[in-house]
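Quick heads-up: structures coming right below.
Both of the next two complexes hold chain A, though its partner changes from chain B to chain C.
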Partner chain A sequence: MTTLLAMDWGPLWLTMQLAGVTVVVLLALGTPLAWWLAFTKSRMRTPVEAVVALPLVLPPTVLGFYLLTAMGPHGPVGGPWKAFTGSALSFTFTGLVIASTLYSLPFVVQPLQGAFEAVGTKPMEVARSLRASRLDAFFTVASPMALRGYVSAIVLGFAHTLGEFGVVLMVGGNIPGVTKVLSIAIYDHVESLEYTQAHVLSAALLVLSFLILTIVYAINRRLPVRAA
Partner chain B sequence: MRQLTARFRCDYPGVRFDIECALPLEGTTALCGVSGSGKTTLLRWIAGLPPAASGFLSFAGDVWQDDARKIFVPIERRRVGVVFQEPLLFPHLNVEDNLAYGMKRTPPSHRRIAFEQVIEMLGLAPFLQRRTQRLSGGEQRRVSIGRALLTSPQLLLMDEPLAFLDQERKREIFPFIGWLNRELGIPVVYVSHDLNEVLQLARHVVLMKRGSIAAAGPVQDIFARPDLPELAESNVVGAVLDTRIAEHEPQFGLTRVEFFGRSLFIPQQDLPVGASLRIQIPACDVSVTTDLQPASGSALNVLEATVVEIGQTPGNGHAVDVTLDAGRPLLARITRKSCQRLNLNVGQKVHAHFKAVALHS
Partner chain C sequence: MGAEEPKRRARMAGGLSGCLSVFVLCLCPPSAAAEEVRVAVATNFAATLGEIVTNFERDTGHAVVVSSGSSGAIYAQIRHGAPFDVFFSADAMRPKRLEEEGFAVCGSRRTYAVGRLTLWSATPGAVKEDGRSTLSGHFEHLAMANPGTAPYGAASKQTLQALGLWNHVRDRIVQGENIGQTFQFVVSHNARLGFVALSQALHSSVRGTGSRWDVPAHLHAPLRQQAVLLVNGRHNAAATALLDYVQEEQSRTIIERVGYGIE
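Entry: the complex of A and B
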């Protein structure tokens, strides 16, 4: 019990923040991207789909390495960023959000794309024939019909960001309160042979992930199947 | 007269569209033709739905599409109602919210049709709070028609709205389409491959064939033309007449109808005297005599007529189609042998004997 109270829970809080912000960013970016992938007839569709899926197959260290290079003070993204804001992106929370967004992209885009494809174009056509603008029809017809896809996307995106390690280590390093997330903290504890703390944090992550997934599957089961 | 003018020219794999037509904006206009002839595509272009096509489209003078001037009015601003082939109700909304979806998005100044009016006409009151998944196919269809109507459209486009419905359900919806025209003055453009349905519902017909217009005109003219294989090969070819009920003769089980001062007898109808009734005289039920003595046969309906044209029946080498002028065009399908024996010639006076059937709408 004393261990629990004496523990530094900062990494857990930071992890939740990172996962939450990442999911919000991913929904904002992933929705139009998934919509485009679901309905475009462009030839670019296949290469874009492949790019979106890359984080699934690349070792996180590869992704992390490229991101580190790009976001460093002299990198193509980090350089201009530093000129604007005065600090580079690497080893910052913002940098972590960008890295996590790319890393978790397929986990959000793929369920959304599948849901939009299942809804199809017809309900949108009906809505627009009923005087709804494109955006109105999207929010009042296509999104509610793709609700299950959204639930999956949010959960997978959140859970996947929680468990991130390699990319974070490469891009964020290990700065307490800024980039030291749960997985890094656990690694740290193990390195310094603090097995008790490692146990507590690991168990916390395990239970948390299990709870989230259980709640989501329970909700999802109760949602009516809409698309199909 | 108010018209919808459409000109579209474009190539798709397997079909080249070359469409030029002017549809009258009154009553029901049927777009018909075999599947693949492009009728649904034309309907979608009128609505402003994909596939994109280049062309020109105007509705009663308002230009909806003109690629030369880069004009394209999006569907939500065309004020058309669309009834799709499937009901496509929104599954996340109940029946009432489905019905109200378009109405809420129609400015009050444009609303000409009351919610209650549509509910009553379509008999939807018992279902309003129900989930759409719990409706039968016919009920879903009625909701989808009501939903489109509640936007008070200036044109109603229907893509086979009666497909997959049984006869009884069709009979429920038929009068409703007529009511739209009469009471609300909403013109309807209606896609159908069922020529019997077209005969009953439509005032104008556009017959499509492989991406272009094979024939267009009032239903009476189109169905009396023997030169259109789509019609000629079916049993629906024959004159169509709009008549009035003149009197009933219940002792004979007959009803006398009048058109242009002439009388015809048809099996007794359950309609009041003075009511209008569309009847058809199928070409295969018309026989021709050159003996001009009146009342010499058992047929009740005899009209004096002039032979206008004699032509080969498409798809039947042993029959000929004789176009007659009896005040209105009349079409007789007789055997080649009879034609030779009677020695029919263009311009000759004949008597046409026939049976007529009522077309209920």
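Entry: the complex of A and C
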């Protein structure tokens, strides 16, 4: 109990913030991307799908290594960013959000794409024929029908970002309150032979992840499956 | 060395443990049979050990399987039954603990290299001859290894404290989990300055580039890197032979050349 009180819970809150912001960014970017992937006839569809799925198969160290290079003050992204804001992206919370967005991209885009494909184009066409604008039709017809996809996307995106380690390790710099997330804190405790603290934080992450996944499965069971 | 070398034969009476078994093993005649030794080595020494191992295999006929990782991870693995015979740690604390906890053979622990710390930048001229003025000057990030987990990180912190600059720079510190990652931060220009190992600054990929200030050894506790014979390897002739080989003249020459000190 004393351990629980004496523990530094900062990394847990930081991790929750990172996962939350990342999911919001991913929904904003992932929704149009998933829609396009679901219905486009473009030849670019297959290569874009492959790019979206890349973080599933690449080791996080590959992503982290490229991001460290790209987001640094001499990098193709970090350079212009530094000219604009005064500091590069590596070792910042913003940098972690960008890294996590790429890292969790497939976990948001793929469920959304699947849901949009299941809804199909028919409901949108009907709504359009009733003079709804495209956006109006999307928000009032298509996205409620794809609710199940959204729940999966939000939860998986959030949970996957919670568990992020390799990428943050490489671009974060372990700054308390800025980039020292839960997985890094656990790693540090293990390295420092502070096994009690490592156990407590690991258990917290395990329980949290289990709860999140249980909730998503429970919700999904209750939501109706919509046929096109 | 010669006859003093504790060369031993495989498969001794198995029940003996700790210091006693070392004593008994020393009385045994040397064995010429080639054996296989499984070695765990701290990542920062892996490449150097690789060079030494090549010579060792050529000279003795023994075979060596090398695994590298962080000293902390290897330590935890050994405690949980990892099948290593010898451990080359990046510090002295973990080998000592393994000895105390009965996972390593008492009396086998020795310092094989002493790490040297350097303040390095990938930008030529960024580090002046005087490290104190460089650290007092303008920069956005100073990279160092995690002082809580990595020996080089602890030495970096001690150096900053000895210079009276810890509070001055602490908000600009970015931490690598280990010295390899710290070096990556600096070589990629993500951090302008960094405390890295001299062996990294002398690595062929960057040798002669950038700028550096070698930290005087009296500013931090010595970075003793120790090796230890593990209980798994106590009857393995190749394991003890390797431990001795690393301290022979030709190995020491290699270790010093790549940027470590020798005790």
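Here, the second predicted complex is superposed on the first by the 226 of 228 C-alpha atoms of A that agree within 3 Å, B and C clash if a C-alpha of one lies under 4 Å from a C-alpha of the other, contacts with A are read in each partner's own complex, and residues count from 1 in each chain.
The definition used in the following text is that a contact is a pair of C-beta atoms (placed from the backbone, for glycine too) under 8 Å apart; a residue touches a chain by one contact, two chains touch by 3 or more.
What you see is a predicted model, and the numbers here were worked out from it, not measured in a lab.
Undergrad: Putting chain B and chain C onto chain A via the overlay, clash or fit?
TA: fit
Undergrad: Using the superposition on chain A described above, determine whether A:44 touches chain B (first), chain C (second), both, or neither.
TA: neither
Undergrad: Under the superposition described above, what is the C-alpha centre angle at chain A formed with chain B and chain C, rounded in steps of 10 degrees?
TA: 150
Undergrad: In the superposed arrangement, which partner chain does A:203 touch: chain B (first), chain C (second), both, or neither?
TA: Neither chain B nor chain C is touched by A:203.
Undergrad: Touch test for A:211: chain B only (first), chain C only (second), both, or neither?
TA: neither
Undergrad: Based on the superposed arrangement, let me know which partner A:133 touches: chain B (first), chain C (second), both, or neither?
TA: In the superposition, A:133 touches chain B alone.
Undergrad: Once the structures are superposed on A, label A:175 by its partner contacts, choosing first (chain B), second (chain C), both or neither.
TA: Second partner only, chain C.
Undergrad: Tell me the contact category for A:28 with respect to chain B and chain C: first, second, both or neither.
TA: neither
Undergrad: Note down the smallest distance between any C-alpha of chain B and any C-alpha of chain C in the overlay, whole angstrom.
TA: Between chain B and chain C, the shortest C-alpha distance works out to 51 Å.
Undergrad: For chain A, which residues lie in the overlap of the chain B contacts and the chain C contacts?
TA: Shared contact residues on chain A (touching chain B in one complex, chain C in the other): none at all.
Undergrad: Where on chain A is chain B touching in the complex?
TA: Spelled out, the residues of chain A in touch with chain B are 121-123, 125-133, 136, 140-141, 144-145, 147, 224, 226.
Undergrad: In their complex, what parts of chain B are in touch with chain A?
TA: Going by the criterion above, the answer is residues 47, 49-50, 74-76, 79-82, 84, 86, 88, 90-92, 101-102, 105-106, 147-148, 151.
Undergrad: Using the touch rule from the top, collect the residues of chain A that touch chain C in their complex.
TA: 68-69, 71-74, 78, 87-88, 90-91, 169-170, 173-175, 184, 187-188, 190-193
Undergrad: Could you please specify the touching residues of chain C with respect to chain A in the complex?
TA: Residues 70, 72-73, 75-76, 140-141, 143, 146, 148-150, 173-177, 181, 184-185, 188-191.
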